[in-house]
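In what follows, subunit A forms one complex with subunit B and a second complex with subunit C.
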Partner chain A sequence: MSIADLAPARKAAAATVTGIAGSDRGETLTCVFAVRGGGEALAASASASACAGYSDAAGAPYLLPLGESGSGLWAVAQDVPAARYAEQALRERLADHTELEAMARMHHEAVSSSAAVGPVVPLPLATLFTDRDRARETLSQQVTRFRAVLDRVRGREEWAVKVYANAAANAEAAAAAAANEGASGTAKATRTTGRVSGSAYLDRVRSRQRDRQARQDAALACAARVDDAIRALAVDAVRRRPHGPDITGRHRPQILNAAYLLDVDRTDEFNAAIASIKAGEAGEAERAPIEIEVSGPWVPYSFVESGGSA
Partner chain B sequence: MGALLVRRVGRLGVSADGRVVAWRGPDSGAPIGVPLVDLLDRVLATGVVIEGDLVIAIAEVPLVRLSLRALLASVSDKVPAPWDDGGPL
Partner chain C sequence: MNRTDLSPVPDYAPGPTTANLADILERVLDKGIVIAGDIKIDLLDIELLTIRLRLFISSVETARKAGIDWWETDPALSSRAARHEAESRKLRERIAQLEEQVGSSEDDAETPRKRRAVGEAQ
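Up next, the complex of A and B:
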């Protein structure tokens, strides 16, 4: 289900909340999407129109100045109804996967649209404060840290690269190996001479195990080559846990789930490197042992922790 | 800065050669179509965690995070061994 499908229901819910909360204007929380830099003029020009936010919020997103006056750091924030965003309500909503997806996408849209006018420090989904003063007070304590992150990600973007073992190619290789066994007469010998059938069977099992291990090693080596090649272009890299078969599909094991922080100027090199790797791997065999999936460019979500490197 | 935005989108349009699966990225302003698993990897698991307010209650209670992940089946709870189903044979 898309956000568009959810919109009418969400608007109705928001209207109800507004009706209840109308008698008490204090019933909002302050949600912060990101922190960004920029002078007063930039902030003024982008504040109203450029940033998306939650569709069930109490108002449009705004910029909250952080630190001392003129610090040039802003929180991209939005006031949201407590009836939907207070802890218990939020837990219940986030336990519903359509709500979670809608919130994640809206959060991402807010972060990304803020990033259109300069570097941002994304904050995690549902970073909530009891009010604007608390948000400002808390975030202002981190001004130095935010500045360091903004310097680090300025002019850079994150790209996600995932590598899967190509199960179809592996299955073909296995079938070919089995066919060779049959052609060599081993299977026939096994059937006709009872005395050797045990050892022949074990040979076959061992041979299959060796082949399988070789294919696994080959795929992992391919993934390592991909990682090395992209790392060489990147400012930084992070490897995440690979996703399990419940996400990737049982016959498509994921062997690399990485993110790379790249200078914007190196995007062409990155794309060329991926294309070259794909062409190279495909050339080694009839079917490439791996599949490569790229997504991006992302706001540098994975590179905002201090240190950041993995 | 507007010029930067246009340049970046243009660059991608030129350089994507069909072999690279790249969507237009956050600059497109169209989040629908952003790969959900990649998005959750980022929105839930990364970012600067701010200490000292409601944030902690929502984002740092492990049970909440785990239940979210489990419900969406979007991020694996354990590190899966590749070929843990015995491989392609």
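Up next, the complex of A and C:
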């Protein structure tokens, strides 16, 4: 795209931004999804602000210049109806599971699509201001911080890695162990007393517990190996609280919920590492004790906090 | 939205579109740079918290049992814990302070009453 192509677009963008003042101020609030960098040319390109945003808003998202003119920082913002986004309305909506999901997905979509043309600093869901001027004023105070974060995440992406204990493999192992033990336990019991003794029963229970513990330890050790291997490739890493059985399914306990900040050019290495871990774990036993799930790339949501505040 | 419209740099792919809700929520609710907006909604507010609890609390218990406690070293989570700790400490101090004030004003209040009682008796 040449600069000449951009000139009319830039004028149009400037017109939207300055043409705010508006008749319907008071009825709308300004919601900010993310902050991004980029020169005037990038910002003026139609694609830079093209994201769906909230579907219950009258207008589309737009770019709001931050800081001094020519600072090259923009807020990806949208004017949203106050009736649905003012404090009380929002509180009620966010408490509703369906509404929360819809909002979270739309917010995520807006953040992600802004990142299609360069690094962004994602802001949390429902970062709202009474109008564009307030948004601009408040966000402009953080320009240094935003710049630091953009520098930190530029050319990097977030990848999520989750590890689950493989319940199927564990169940098989448990069944096998039980069968084994049952056989030897009964044999022993039969040998000594001719019937299943209390101590044999207790032995069996104890050994079953030991096995369960051993399988759990093995799965945790696998998860730790996965984390170590990926951490070695990553610029930064965070471990989150594993998801509960409501999300994972009761028989698939999540034992690692981690996110890694990776240089884009290490993506292949990352994929190779995951593949080799999967192959390695599978090779150790008939059924791997763990399952690995990878998702990404994500906008580096999990790695923007420490960027400027530290 | 047409995704092809906004991918001049296709390498920087947006987040997975099929991403599950828990993944999205744990990112958009409390990750990202927090800017104090004009609309004050604490995303860790009670109503929301109930939803978060449904997603995560059972796993905390399960995880503790399984010996997984590494998120406790996650600065994002532990700083929140620290913040809550600090807040509740402040509240406790404030309560103690108020109790003291109430106590001393009760003493003050008692004195004139006693005096009046004495006066009436006379």
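Throughout what follows, the second predicted complex is superposed on the first by the 268 of 310 C-alpha atoms of A that agree within 3 Å, B and C clash if a C-alpha of one lies under 4 Å from a C-alpha of the other, contacts with A are read in each partner's own complex, and residues count from 1 in each chain.
We adopt the following convention: a residue touches a chain if its C-beta (ideal position, glycine included) is under 8 Å from a C-beta of that chain, and two chains touch if they have at least 3 such contacts.
Treat the numbers as computed from the prediction; the structure is a model and nothing was measured.
Taken together through their common subunit A, the two structures put subunit B and subunit C in a clash. In the superposed model, A:275 makes contact with subunit B only, not with subunit C.
Judged by the touch definition given at the top, the superposed model places A:27 against neither subunit B nor subunit C.
When the two structures are aligned on the shared chain, A:220 is found in touch with subunit B and with subunit C. Of the two partner chains, subunit B and subunit C are each touched by A:118. Shared-chain residue A:263: touches no atom of subunit B or subunit C. Residue contacts after overlaying the shared chain place A:251 against subunit B, while subunit C stays out of touching range.
Contacts of A:239 after superposition: subunit C is touched, whereas subunit B is not reached. Of the two partner chains, subunit B is the only one that A:208 touches; subunit C does not reach it. In the superposition on chain A, contact of A:51 is made with subunit C only, not with subunit B. Comparing the two complexes, residues 29, 32, 35, 52, 87, 90-91, 94-95, 97, 100-101, 104-105, 107-109, 111-113, 115-118, 121-130, 134, 138-139, 142, 145-146, 149, 157, 160, 216, 220, 240-247, 253-255, 257, 264, 295-299, 301-302, 304-305 of subunit A contact subunit B in one case and subunit C in the other. Listing the residues of subunit A that touch subunit C in their complex gives 1, 29, 32, 34-35, 45-47, 50-52, 85-87, 90-91, 94-95, 97, 100-101, 104-105, 107-109, 111-113, 115-119, 121-130, 134, 138-139, 142, 145-146, 149, 157, 160, 216, 220, 238-247, 253-255, 257, 264, 295-299, 301-302, 304-308. Across the complex, subunit A meets subunit B through its residues 2-4, 29, 32, 35, 42, 52, 87, 90-91, 94-97, 100-101, 104-109, 111-113, 115-118, 121-130, 134-135, 138-139, 141-142, 145-146, 149, 157, 160, 165, 167, 170-171, 173-174, 208, 212, 215-216, 219-220, 240-247, 250-251, 253-255, 257, 264, 267-268, 271-272, 274-275, 278-279, 293-299, 301-302, 304-305. For subunit C in complex with subunit A, the touching residues are 1, 3, 5-16, 19-41, 43, 45, 47-48, 50-51, 54-60, 62-63, 66-68, 70-71, 73-77. Those residues of subunit B whose C-beta lies close enough to touch subunit A in the complex are 1, 5, 8, 11-12, 15-17, 19-23, 25-27, 29, 31-32, 34-55, 57-59, 64, 67-68, 71-80, 82-85, 87-89.
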